[in-house]
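Heads up, the next two complexes both have chain A, just with different partners, chain B and then chain C.
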Partner chain A sequence: MSGPPSLWWIDWRLSRAALVRETIGRFLFFCLLGSALLSLFLSGGGSRFLAGRYAITAVLRAEVPSAEAEGLARKVAALPPVRSAAYRDPEAAWKEFLRAYPGLDPLRGAGGNPMPGYIEIRIRPDRLTGADVGLVASTLRSVPHVEQVLAGEAWLPRLLRAGRVASWVCWGIFGAFLAGFFLVGRLQERARAVALAGDFSFLAERGVPAGRLAFYRAAAAAVSGFLLAAAGTAAGGGALFLFLGNDPFLEGVIGPPSDLLLPRTVAAAVLFSCASALLSAAASLHGWRAARSGRK
Partner chain B sequence: MIEGFRLGIFSRGTTLWDGLDFAFGDAAAWLVAGPPSSGKTLLLSTLRGERRPDAGDVVVSGESLYRGNAARARAWRASCGHVPEQTVADARLTVGDLFRRSALAGGGVRESERKDRAERLLEMVGLPGASEWRIAELSISERVRACLAAELLRGPKVLFCDGVVAGAGIPWREMLWGLFRALAREGNTVVLAERTIPERWALAAGDAEPVGPFRVFRLPVPGAVKGEHG
Partner chain C sequence: MTPGVRRILYALLAVAVSLGILFPTPAPAARDVAAELRKERGRLLEMKEREEKTALELTEALRKEKLSKGRVGELQARLTRQRSLLARIDRKVSALNERLERAEKAVRELEAAHGQARTDLQRAEVVAFAGQRAGAWDPWHPSARERERHLMRVYLEADAEGVARITRARERKEEELSGLERQVAVTERTMAREKKVGDTLLSRQGEERRRLADIEREKKRKEKELKSLRAKIARMESVVSRVERQVKERERRARKGAAGGGTARESTEAPRRFASLSGGLSAPLAGKVVTRFGRQHDATFDVTIENRGVEIEAPSGASVKSVGEGEIAFAGSVSGFGNVLIVQHGGGLFSVYGRLESFRVKQGEVVKKGTVVGRLPESPSGKSVLYLELRAGGTAIDPTSVIPLER
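Presenting the complex of A and B:
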């Protein structure tokens, strides 16, 4: 035997049982954290929920022909903040009215259909801001065929602020869990460094620098942290995919399952894995330093 | 060649010894005998590059351990084996764990090869099938022999043994006598630190060189040319 010892996965080689237990625990934690991350990322906090329930209504003048109204709806749908724009002719509007207020059929007998046609505009969840809603509303108001725009501008800012606060709270809780992961990881790393202190001093006596040991332990923690986070997020994302496919309410709040496969969602998962790798390495280094200073 | 020049150690607020010169030639087995608390363990630590002497210097193959290149000093330590005086620090481990970490310190070795060599070494020191035994359950003699076997797994060029002969006990002296001389014959250097030298070993070694509180013996190695010492 000769040559410098390889210190990769040294903890694994010295203490497999403890490391297996920790790895299983971290994987399960990353499954939960990964599914929470994807849910938060796709839902945008409460944005998608709000966007699903919020609509701008552009009431059209009575004389606007259906073809022109549909053309206008298509133009509105092409605006960047708009997710969908659907024209409802006066007949459909009347039926909706009756569904909402049954028993008011006699109103029509007096002078025909009193309901005008309208365009229902839905905003994209990621563009549900005061500025974008204002842009769509002002664009619609400048169109001569539009008689009135109902955008709830009086109460919308309060609603959006509440949505932002809810989003911050959700991300804050997520961050707290990440911080908890770091603290628990640091404790685990410290405990392992204390348990393996005899082995490390054995190696140090035989010419292995302590700094090199710490570096390789942290590097292994980073690699395993990345892989565990990636695997946990993939598993959590898979579970989320199944839930979203089977639960329309969840789909309305979080988004369609296909959004999990979008490049930006994958990029978020990769970023999360990288952050987990950094946190794991930092926990390893802190645990190592704490164990060594505790020994002195 | 391991040389100590004007070595001095200050410990517990007093000068343990000062101005001592040592020279341990290669491919030989050396025994440093000294009374209790004379600093034998400190001397071995200093020679291994673990403990900087308070005076003087240690030179290995012409390179200072403490004032020279740090990488070479580390390489020197990596080439050394060390069997310490027995403590309970490793009591949680099994004998197999000793071999595992020894293999780790020595660089890459396949697990099957390690197990095979460990079994043969354990058999050699009279502990066949002891891989799964816990250190806490071993006697002092068994611990000493298990640690010695684990160090030999890496095939160190220089082996430092602290109290191994006394720790192993009288029934194992002949085995150790043969082992150390065989290691020296194969080109390795063995430095033993003991309170006393077994009578038969002293007779075979001849006159000792007095160095401070120590007496330095060179054990006879069959077929080797006698070298110098401090």
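Presenting the complex of A and C:
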């Protein structure tokens, strides 16, 4: 053989089974982590779920005509933090009320409908903050057609706090998984470096510097990590796409499947792949060094 | 003195006078007849006084009758108005009773509606409590729960407002009912009062009618009495006249016996006889004739009265002079004529002055024409009336035919 043997050749020839297992494992792991990342990215932690639970109700005055109410709903929907604004006429309000309190239906046989019409305003998940809610509520209160604004002032801060905590927890778990990936990768790299120490010595004896070996290994780990992460994220995203298309609850919590194809989502996936590549390279380098220094 | 006794006396008197006429006595007896004549004349005057009194009473009765009829008419009009008022009040009470029934019915309906509304409200409150309790721990739909709670508040407020509205309506109706009851009570009291007034008016009308009937009876009695008196007076005047003729006849016979006979003048020549009095005749005073001689119609009694003299209106207190020469035959008070003075001018001629206040001469005194014989009374109006009668041969003649009097 002329020249130093390829590192790939060494790994592949000397620990083929381990390399295959490791690659499959990492791919599966990246599938899981990629879908989690996309889910977290789309859902904003618990924001989308909370935004689906939360709505501002603008109770209109009894004398407001339907046409004006609908016009007002359209204007409200045009506000930046607002995702949707739907007008419910008094009849719809009465039906909703009777659904909530079915025992009252026979009591109002002779009486009229006392319910006012209202506009249900839903906030964008990414704008579900106290400031944006306050902005929308104050805007509505300034409208003379609106009699009362039900913005959940009593419980909204707790809801937002819970959303933030949930988001932090999710992202924490995600970060823990990444950290776990790093540690496992490091161990694997170290173990491989230890196992192939003779081979590396052989290469060193033939004039290949140890630094170059480490660099090549890290670069190889980065490339493989990027490719695996990209493939895993794509696979996970595809699976998520299928799930979201079939499960309304998941769609409500995470978001619509079409959001997966948005550029920002793709960019996030690419960034994740790059981060995974860097993490893989770091784990390889760290494991190599640990193996060379004799540390565990 | 009863009328029977009086009639007997009159009959005796008439018989005596007739006997006196048929069997004239010598000169001494003529003096008795003259005395009797004076006596009869006195009785005649007394009867005239009674006649005048009766006439006055009749006038008073007529006045009372007129007054009473006016009162009856007035009471009748008031009764008519009272009945109309009662009918109006009765209609008002009926209308009020109808309104009262309607108001009571409305109050009953409102009470039922109020009870139903309250029951519904209580049930709604129970449902609201149960529903809100069930949804209190539903963190998945906080906004929907908040909206439902708000709608429930709206519902309960609407129900409570409905109950309050019914309560207010019921209170208003009850107030209206109370007002109507008070109004009905007031109207019924008014009606009772008006009925009482009506009864009083009826009673007064009955009393007035009875009084009117009494007055009518009294009037008829007085008219009858007056008629009777006038008949008596006429008879009496006839008797007196006959006696006078008898006296004159005696005088004529006596003059004939004494002077060898002169011719008596006929009564139809009485005015000429007066005019032939020595010195002529003159007016007793300056005045205006207000009551004429002869038959005059009395509007008060709707009868025709025979005036035997005239009444002359003159200033109060004016002196009355003798119309001619003669002798005072009578000076005294006569009912209905006041103080009366009779001057005998001889030859069956007499002049009578009535309604005097005082005399200036005495009975038996000889007076000349123009001699002041009396005086008229004082009157607040400044006017007094002199009654002047001239008699010739027992017949009254119109004084204006022989004396120049202003008419």
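Heads up, the rule we're going with is that the second predicted complex is superposed on the first by the 271 of 296 C-alpha atoms of A that agree within 3 Å, B and C clash if a C-alpha of one lies under 4 Å from a C-alpha of the other, contacts with A are read in each partner's own complex, and residues count from 1 in each chain.
Simple rule for what comes next: a contact is a pair of C-beta atoms (placed from the backbone, for glycine too) under 8 Å apart; a residue touches a chain by one contact, two chains touch by 3 or more.
As the structure is a computational prediction, the values presented were derived from the model and not from experiment.
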item: First (chain B), second (chain C), both or neither touched by A:Pro209; value: first
item: Chain touching more of chain A, residue-wise (chain B, chain C); value: C
item: Touched partner set for A:Met115, first chain B, second chain C, both or neither; value: second
item: First, second, both or neither for A:Ala55, with chain B first and chain C second; value: second
item: Chain B versus chain C as contact partner of A:Leu150, first or second or both or neither; value: second
item: Chain A contact footprint on chain B (complex, rising order); value: 48, 50, 73-80, 82, 89-90, 93, 100-101, 103-109, 153-155
item: For the chain C and chain A complex, residues of the former touching the latter; value: 120, 123-124, 126-128, 130-131, 135, 139-144, 146-148, 150-152, 154-155, 157-159, 162
item: Contacting residues of chain A [partner chain B, same complex]; value: 1-6, 10, 13-14, 198-199, 202-203, 205-209
item: Complex contacts: residues of chain A adjacent to chain C; value: 53-57, 59, 93, 96-97, 100-101, 103-104, 107-108, 111, 114-116, 118, 120, 148, 150, 152, 155, 159
